[in-house]
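The structures come next, written out as structure tokens.
In the two assemblies presented below, subunit A is common to both, partnered first by subunit B and then by subunit C.
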Partner chain A sequence: MGKLQLYEVFARRQRADRFEHIGCVEAPSSDLGRVYAWQTYDEAKWFEMIVAPRDAFHCVNRAEQPFTLHPSEEALT
Partner chain B sequence: MTEGRKGYAKPADLPDDVRDHLGSLLIVLADNKRLLGMRYSDWLLGAPALEAGIACSAMAQDEWGHGRILYAMLRDFGYEANQLEHEREASEYRAMELLDAPAGEWPDLLALNLLLDTALSVQFEAMAESRFEPVHYKVSKLLDEERFHFEHGRGWVTRLGGTDAGREALRRSFRPVWEACLRWFGPDGDEAGRALYEAGITDRDAAGLRARWLERVGPVVELARLELAELDGGGSGVWLSRVEPSWDGWDPDVRRAARGGPDAEMLARVRGDKNRPLLMD
Partner chain C sequence: MARFTDEELMRKVQEGFIVESEADMTETYKKALIGQLTVQGDTELMSAPAYFMAAKDAPSTNTMVSATAIIQDELGHANIAYRLLEDLGVSRDELLYERPPARFKNPYGFDQPLVNWAELVTANGLYDRAGITLLGDVHRHTSYGPLKRGLVKVGMEENFHLRHGEVWMRRLCEAGGEARDMVQHAVDWMFPMGVEWFGMPDEKKHHNAQLDFKLKGMTNDQLRQTWLKAVVPLCDELAIDVPAHMNPDTEQIELEFEFPVQYDPGAKRWLFDEPITWDQVWDRWRARGPMNEEFVESVRRSRLSVEKMLAA
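Showing the complex of A and B:
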């Protein structure tokens, strides 16, 4: 079975908008990640929603992992 | 809508036999949507992952919404929507027999998700260009929502089918649902299916709908090696079932092979018995 992975979710309400980072989901495949994202973050009528595995992101200016809310989270991942 | 043919704006415009067949089909679809929504809702808590529970919640809401639209549409066919939604006995429901009892295990729910839900979508898709305008205008949004239901089922079946234990569990759960879904479209030459097709209400008859369903679910169950479908060996690209359904007891009016209906607990929930005093309209 596929390994569970975090997928970061981004969406925009209209074509002219910039993407907002709206959250993340955990899924065993990008297919299920897409489904979970759409069904979890359904609070708006999104023009476009995209997902990407968290480990596809690389921090530019800090030593910690991207999307870290608190330094202590580092120990959890 | 079907090119070059007049549309029907309301049921009264339809030929009598077509109106009867379409009204019956809409009740079948509404009941299946309502009860399938209930079965999804049984898994809001207890799904194998938090995200899967949220997905069940979203799919339940979609199904209830679709059911409600259909019950409301049936008013114009001479039915009383309130009676259909809140007053019927179990034996009057026309949902598939698969929905009479809860999906006890997660693979059972996946069978309903991938096979039964897709069967309903195939029936709706056949009305995307329907000459009956009220249905034609509703189908597009409904199918947009259903796309994610299919992808949920496909994602999970692909995942579980990747292990021996998961595949065995899927095989046990999928076999009865597979047979019931094959049967649900009706036998080749089914009278209602043919009448609706010839009137331009649907774009396929029973045999054509079954073929379209096999085209959708066949590749998924084959990838998971569930031994239910195979590609025609002649290279036609047509998907065939490896299983022939039994037609014993098949009743075309209710599109079921077994008498019955939702169990008592489900009947109370689906009719809203607990909140009956609060019903305002």
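Showing the complex of A and C:
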């Protein structure tokens, strides 16, 4: 098992929809992140769901990190 | 931190400002938000073992599956609240695995055993209604953006739980006989539990940071009345007795017992001839209900056993 990492979850209901940020899961690998996301965010019949590690996101126009990244986590990434 | 003073932030959120990160918060705001999210997460989490206990009495495979789906939803909702807490620097591990059970902040109702299918569906009908009332208000009014977004999923799923509860309460009542009596018995102890769920009356509560910072929109009494206006007509329609009625002059639901009153958890019975003070209610809550330790232990058990399995 790897180190726990945060994965941001995005999904869209239908073709042509935009992806929406719907939540976040913590998992020891991207495969388990995919499983946890699919199991946790089952409130809709999603056409497409994707996950990406939180630290893959970089803010473009603001000083704060996206997804309200806590300073103590910032230090880890 | 300290981009604004408390007074500035209060004014801004009342005018519609949405807080998105810690940089927008004051210490007071953050503390009130952490308190609110802890209650929310703990309530969702501890509903799972309570519902699971009763789900074992499910009358068929299909009904067991729907009960299990509800339990899984509740765990997902707890995850949302705890994840938001982690983003505020709170350790989920500490919250879940290191807190003494008595420090969990779930309502007293989820410290009680749910022993049969009628109690499960009545809990869905009454307690999930309380959840929708409280979280629906937070969803509409909260000044914290990440929570407002997180509650979209919660709202959809809680409505499914509520429907499950109401449909099954109706089904059992229509069946009559023992099935109907079991719903009446469940409502007898759960209805006053629901009334108490919303906390101290407004007249006793002078200062409320959650309202000042717009972490919620309605007061305890307004929320309690909203819940009563849904639950009392439902029970009336099902011919289930509740100690409350609508006053046609004020269009408010009035309780027919002195509130608050003492509760005997062993007998699952409210002592309506024993009115108490809110200090005594707090004492009872702090002393915790009979299932507190066992329910907390049960949500911890699976991780501990997986760890043991992996270590072997």
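Worth a mention:
FYI, the second predicted complex is superposed on the first by the 67 of 77 C-alpha atoms of A that agree within 3 Å, B and C clash if a C-alpha of one lies under 4 Å from a C-alpha of the other, contacts with A are read in each partner's own complex, and residues count from 1 in each chain.
By definition in this document, a residue touches a chain if its C-beta (ideal position, glycine included) is under 8 Å from a C-beta of that chain, and two chains touch if they have at least 3 such contacts.
Please read these numbers as outputs of a predicted model, since none were measured by experiment.
In the superposition on chain A, A:E64 contacts subunit C only, with no contact to subunit B. Which of subunit B and subunit C touches more residues of subunit A: that partner is C. By the touch criterion defined above, A:C24 reaches subunit C but does not reach subunit B.
When the two structures are aligned on the shared chain, A:T40 is found in touch with subunit B and with subunit C. Residues 1, 25-26, 39-40, 42 of subunit A lie in contact with subunit B in one complex and with subunit C in the other. Of all residues in subunit A, only 1-2, 4, 25-29, 31-32, 34-36, 38-40, 42 touch subunit B in the complex they form. Within the complex formed with subunit A, the subunit B residues making contact are 49-52, 54-55, 57-59, 148, 151-152, 154-156, 158-160, 162-163, 166. On the side of subunit A, the complex with subunit C involves touching residues 1, 21-26, 39-44, 63-65, 67-73. Residues 20-23, 72, 76, 79-80, 83, 86-89, 146, 149-150, 152-153, 156-157, 310 of subunit C are the ones that touch subunit A when the two sit in their complex.
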